[in-house]
Amino acid sequence: MDHLVEVDNLTFKRAERIIYDGISLKVPKGKITAVMGPSGIGKTTLLRLIGGQLTPDEGDVRFDGQSIVSMSRKSLYETRRRMSMLFQSGALFTDMSVFDNVAFPLREHTELSEDIIATIVALKLQAVGLRGAAQLMPSELSGGMARRAALARAIALDPDLIMYDEPFAGQDPISMGVLVKLIRELNDALNLTSIVVTHDVTEVLTIADYIYILADKRVIGEGTAQEIKESDSELVQQFLKGKADGPVPFHYPAPDLKASFLGADK
Amino acid sequence: MQFFQSVGANTIGKVTAIGRAAIMLFGALVAMPRLKNVPLVIKQLYVVGVQSLLIIMVSGLFIGMVMALQGYTILVGYGAEGSLGPMVALSLLRELGPVVTALLFAGRAGSALTAEIGLMKATEQLSSLEMMAVDPLRRIVAPRFWAGMLAMPMLALIFSAIGILGGHLVGVDWLGVDAGSYWSIMQSTVDWNQDVINGVIKSLVFALVVTWIAIFKGYDSIPTSEGISKATTETVVYSSLAVLGLDFVLTALMFGIE
Amino acid sequence: MNKYKTEVMVGVFVMLTIGALLLLALKVANQTVATEGDTYTLYAKFDNIGGLKPRSAVKVGGVTVGRVTSITLDQDDFTPVVELSILNEYNGFPETSSVSILTSGLLGEQYVGFQPGFSFDGVANLQNGDYLQDTKSALVLEDLIGQFLFNRGNEED
């Protein structure tokens, strides 16, 4: 199978703290790959590493066979036109209408006439169901609508790869359903490759073709939805079932409570 | 030991910040010359220039009026109230115009620039630009920088002109200084190159410093509400101090040595 | 944001700036006489220049004809040399002209008063680079007071 993105033995440190310790992932072309894991393990960081906004300490990230890490700035910007990212907050430009937001990448990167841009924008907004909201400002949109508008902007240039950063976080069940449907449909209709980073287990299991579970700086499980459900790894099971304590401990690392209370003055 | 360590750490922190600021400015300046970005500059000129216009005009008017009032009471004691015109004009053109404009600009437009860019960073708009293969230095920083560089001297000129008119209002219309001598003595004393142009040069230097600090503080801010509020405060404090300090240096260079 | 309004307001801003510049240029500042138009240079040696400064005016009967461009000290006889730039249109001053350093009003600024001399046969006109021979120094208030006291003292004796 063809892989669009390959993460190879990647190590990343922030100051002295190790975020990733030699992880490897492969993202197959035309599929939805989910990356799951508990909050705070740097899943967003992974997307930024793939987008070339951060540089790994060791290892390599390849996009369509080319190494993102060793790319010149110019070719990195060229490559980024082929990928897009849906940020958690949507990251719409607050000083422009929804229409101008979606038109933005077209105006920046193409020399198309305003007529054609208007048509493309209308089509993209139609795809996410927001054609009627084209003239609204981002501050007038609900959280779910803002994310859909941002999605329309992300697909404006018909990228090869789209990365979703926590697309379901903080959404009501209806918006969540809409987003799940959109991710699946866009992926199939536009022949995209998608990476979804999330910790919402149920939604992901329904749409993802392949799943990686990250915890404790490495990949602890991978496979199709079925394989993941049947995994015999305790870690994976704890994550899927949402148990409070298990291999991922309930307590943030700390000295023993009794010892620190009684022995602090010794 | 700890004292030396903190001094060292602070120095290193400041020096690396200056380095980052220089890299940012360099990136923005190299990226700029594109015709496509002219509308962006005009829009920012509206934000930093037009929206500062009212405060600048009102302040200029009042400062001119106060100077005429104060100057008159002093000069009339020597029978030299004819010198009111040059006194008002020279103080405005050489000092108050550029300096007060820069201070007001730092408070009005500089803090807004910092907060805006800081919030763009916090809401991932800058990141999102980068991922869209659009350089935020070119798209966000450069237009704001050029708008600041243009707006400040323009505002300073308007400030001085309105201040001189305000001085006329109080000195001539209210206190009865002769209108002819107000203008003619002013005209024989104020020199175009020495006073007007030097004031504009001062104002350009202040524009560079204030806009640079404002943009950098926003761009380099910690993207949290606390970080942005700190950055905004620092913009006003640092740029005000920088303006006052530089004003002394520039004055010494321009007017100190005959 | 209404694009039209933005552009109109920026236009107003630019017009205001131009208005301010015009006011400063036409009513406030003088386009330095000495730097506008062609000039020729004369030199004058004074014993004492008082408060004369570069850019001070050179006047003939109250009409400004030029400016002081620089003041230096002659290293040989240690007297100040004042360089005067006179507009070309005011030429033909005879060699017998004299200059003195005067004060406008009691506390006003000092300027160079230029008295054209009489012109008769055998007297050439001043040329570029010429030295004016007849100069009167600035009045220094302290000297005047000193003289006054000295004279009073003499009278009483």
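Order of writing sets the chain letters: A, B and C. Residues in each chain are counted from 1.
Going forward, a contact is a pair of C-beta atoms (placed from the backbone, for glycine too) under 8 Å apart; a residue touches a chain by one contact, two chains touch by 3 or more.
Owing to the predicted nature of the structure, the values given are computational and were not obtained by experimental measurement.
Colleague: Measuring centre to centre with C-alpha atoms, which chain is farthest from chain A?
Modeller: Looking at centroid distances, C is the chain farthest away.
Colleague: Taking each chain's centre as the average of its Cα atoms, which is closest to the average over all protein Cα atoms shown?
Modeller: Per-chain C-alpha centroids ranked by distance to the global centroid put B first.
Colleague: Roughly how far is chain B from chain C, going centre to centre by Cα mean, in whole Å?
Modeller: 35
Colleague: Which whole number of Å gives the spacing of the CA centres of chain A and chain C?
Modeller: 75
Colleague: From the mean C-alpha coordinate of chain A to that of chain B, what's the distance rounded to whole Å?
Modeller: Taking the mean C-alpha position of each chain, the two centres sit 43 Å apart.
Colleague: By residue number and range, which residues of chain C touch two or more other chains?
Modeller: Counting only residues that touch two or more other chains, chain C contributes 1.
Colleague: Under the stated contact criterion, what part of chain B meets chain A in this complex?
Modeller: Interface residues on the chain B side: 123-125, 127-128, 130-135, 139.
Colleague: In the complex formed with chain C, which residues of chain B make contact?
Modeller: The touching residues are 42-43, 45-46, 49-50, 53, 78-80, 89, 93, 151, 154, 157-158, 160-162, 164-165, 183, 186-196, 258.
Colleague: Show which residues of chain A lie in contact with chain B when the two form their complex.
Modeller: Against chain B, chain A makes touches at 48, 51, 53, 77-78, 80-81, 83-85, 87-89, 91-94, 104-105, 108-109.
Colleague: Which residues of chain C touch chain B in their complex?
Modeller: Touching chain B from chain C are residues 1, 6-7, 9-10, 12-14, 16-17, 19-21, 23-25, 27-32, 35, 53-55, 57, 64, 105-107, 109.
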